[in-house]
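Chain naming follows the written order as A, B, C, D, E, F and G, and within any one chain the residues start at number 1.
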Amino acid sequence: MGKRAPVKIVVLDVLKPHEPNILDLGRALCQDSNVLDVNVSVYAVDEKTESTKVTISGKDIDFDQIKKIVDDNGAVIHSIDKVVVGKKEIIPVPPEVSLK
Amino acid sequence: MGKRAPVKIVVLDVLKPHEPNILDLGRALCQDSNVLDVNVSVYAVDEKTESTKVTISGKDIDFDQIKKIVDDNGAVIHSIDKVVVGKKEIIPVPPEVSLK
Amino acid sequence: MGKRAPVKIVVLDVLKPHEPNILDLGRALCQDSNVLDVNVSVYAVDEKTESTKVTISGKDIDFDQIKKIVDDNGAVIHSIDKVVVGKKEIIPVPPEVSLK
Amino acid sequence: MGKRAPVKIVVLDVLKPHEPNILDLGRALCQDSNVLDVNVSVYAVDEKTESTKVTISGKDIDFDQIKKIVDDNGAVIHSIDKVVVGKKEIIPVPPEVSLK
Amino acid sequence: MGKRAPVKIVVLDVLKPHEPNILDLGRALCQDSNVLDVNVSVYAVDEKTESTKVTISGKDIDFDQIKKIVDDNGAVIHSIDKVVVGKKEIIPVPPEVSLK
Amino acid sequence: MGKRAPVKIVVLDVLKPHEPNILDLGRALCQDSNVLDVNVSVYAVDEKTESTKVTISGKDIDFDQIKKIVDDNGAVIHSIDKVVVGKKEIIPVPPEVSLK
Amino acid sequence: MGKRAPVKIVVLDVLKPHEPNILDLGRALCQDSNVLDVNVSVYAVDEKTESTKVTISGKDIDFDQIKKIVDDNGAVIHSIDKVVVGKKEIIPVPPEVSLK
């Protein structure tokens, strides 16, 4: 590209308390003007916390802003799992070799 | 987005008595003016109860309204499993790395 | 929706005798004026009975009518497995989190 | 539908001798004027017999005609596995709940 | 159909010597004027032989011609695995019932 | 077809040294004027070698040319795994019978 | 092709320190004028490092440039896993033979 490329999609692993619920966390993340959509899936539930995968799409996602919103909601980013940077989105790849 | 983003899809885990049946529960949830469609799948059946996944799509889903309808039908929301918030719907992500 | 929402698809678990066969049961269910299509799959066979999944699509499915036709054919509805209610049909959801 | 609904697709489990082969059995079934297409897959082979799945599509499949053609070719219908009856064909259903 | 229906696709299990290779066997089968395309996949290799699946599409496949070409190349047809006969091609069927 | 049919796709199992890398091997294979595209996937790595699947598409692939290029790059063709010969490309087949 | 063919897609296995994060590594790789898009997926996390798959698409990817950017970010290329070279992209292949 040769210039600062936009981050279009980020997948985060987020540990959160039960409140605010994932509707409110999703809405809070969408408050950021760079964010277009948020998908949240809960994959484990504990007495006090929920482990979630949060997928964010946007024009150019600003990680520091995202981190601030997550923090402000009492949650914490465990890891950044995936990113999509650049002009289009998911790059196709040749299928895995099956070695039955 | 920078303004209050709409919640487009919610997946709930709902425990319900056998009556009302899932046709009637689906119809009751569709009474809410924000709801467009409801899909219900039963995944476990007990003597007195059924465990179900209830997927709701709408223009901007109001969780409190949904919870009230579920309660009024003698059922209970066990957990909120997934949400889709914002402009479009499901965000594509790069495929999982296979580590055969 | 705010008005009585139509039930578009129902999946039933039906236990039936060998006769009438599933072609005739499917045709009988299609006699109901609200029914558009019926798919039947047999998943277990016994000396005297067959366990089947019956999927019905229609403009607004009337469960009592369906139950009556099933009864009239000597079969019994074991459970209602899935329903689709409202304006469109299958709601897409974010994919399951893989926890390899 | 409210009138006699057409059977569009039938899947049969058929046990057959090695001769006639599945090309000839497929052609024989297509002789029936209600039949449009036949797919045959062999899933087990014995010294004298082959176990096959025979999928038939048509405008309105007449089971008695199909059974007669199968019999005339020295084969036998073990079971009727699936049928599609009505206006359109395969009805989509909400995906299975995954309970990892 | 009511007249002699065309065989559009045949899948064969073919045991062959290493020579001619599968490019040459594929080309030889395409010499037949009824054949449009040939796909060959090797699924097991021995010191002197290869086990292959040979998929053939055509306007109306003549099995005796196919068998002659296979024989002329020093190979042997172990079994006929699948056929597609008639007007269109692969018939869709309702999905398998999952019995987790 | 009745004339010499073109080989459109070939899948090879190729054992290669670490150098040249797979970008350079892919480029070398594309030097052949019959070749349109090359996909290479590494499926096993050793101290001195890499096991790869090399998929080649072209107007009419000349195996002897391909073999020469592989040899000139210090690699060796272990086996020819798949070929697509003729007019169109991948032939659809009826799905496998599931025998749960 | 008969001339120097372009490398359109490369998949790399990259070991990196936690900083810079994968958003910054993706942006750095997109600085290269031949690169169009970058997808990064983390598949293992250690105290000091992350194992990642980095997929790069471009008009004609220059491996030496990519390697330099990876090095400059304190990371190391473990292996080159896949490449797509030539005119179009992913070549379809006949499906694997299932040997249940």
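Just so we're on the same page, a residue touches a chain if its C-beta (ideal position, glycine included) is under 8 Å from a C-beta of that chain, and two chains touch if they have at least 3 such contacts.
All values reported here derive from a predicted model rather than from experimental measurement.
K.L.:
Kindly point out which of A-B, C-E or A-C repeats the B-C interface, defined as over half of the contact pairs being the same residue numbers.
P.N.:
Among A-B, C-E or A-C, the interface that shares over half of its contact pairs with B-C is A-B.
K.L.:
In terms of C-beta pairs in contact, which of A-G and A-C ranks higher?
P.N.:
Result of the comparison of A-G and A-C: A-G.
K.L.:
Could you grab the centroid distance between subunit D and subunit F? Build each centroid from C-alpha atoms only and quote it in angstrom.
P.N.:
38
K.L.:
Compute the distance, rounded to whole Å, between the mean C-alpha positions of subunit A and subunit E.
P.N.:
48
K.L.:
Please list all residues of subunit F that touch 2 or more other chains.
P.N.:
Correct list: 39-41, 55, 82, 84, 89-91, 93-94, 96, 99.
K.L.:
In the complex of these two chains, what residues of subunit C are touching subunit D?
P.N.:
9, 11, 21-23, 26-27, 29-33, 35-42, 45, 55-57, 82, 84, 89-91, 93, 96, 99
K.L.:
Taking the complex as given, what residues does subunit E use to touch subunit C?
P.N.:
Result: residues 94, 96-97, 99 of subunit E touch subunit C.
K.L.:
Which residues of subunit E touch subunit G in the complex?
P.N.:
Residues 39-41, 43, 53, 55.
K.L.:
Contact residues on subunit B for subunit A in the complex?
P.N.:
1-5, 7, 10, 61, 63, 79-95, 98, 100
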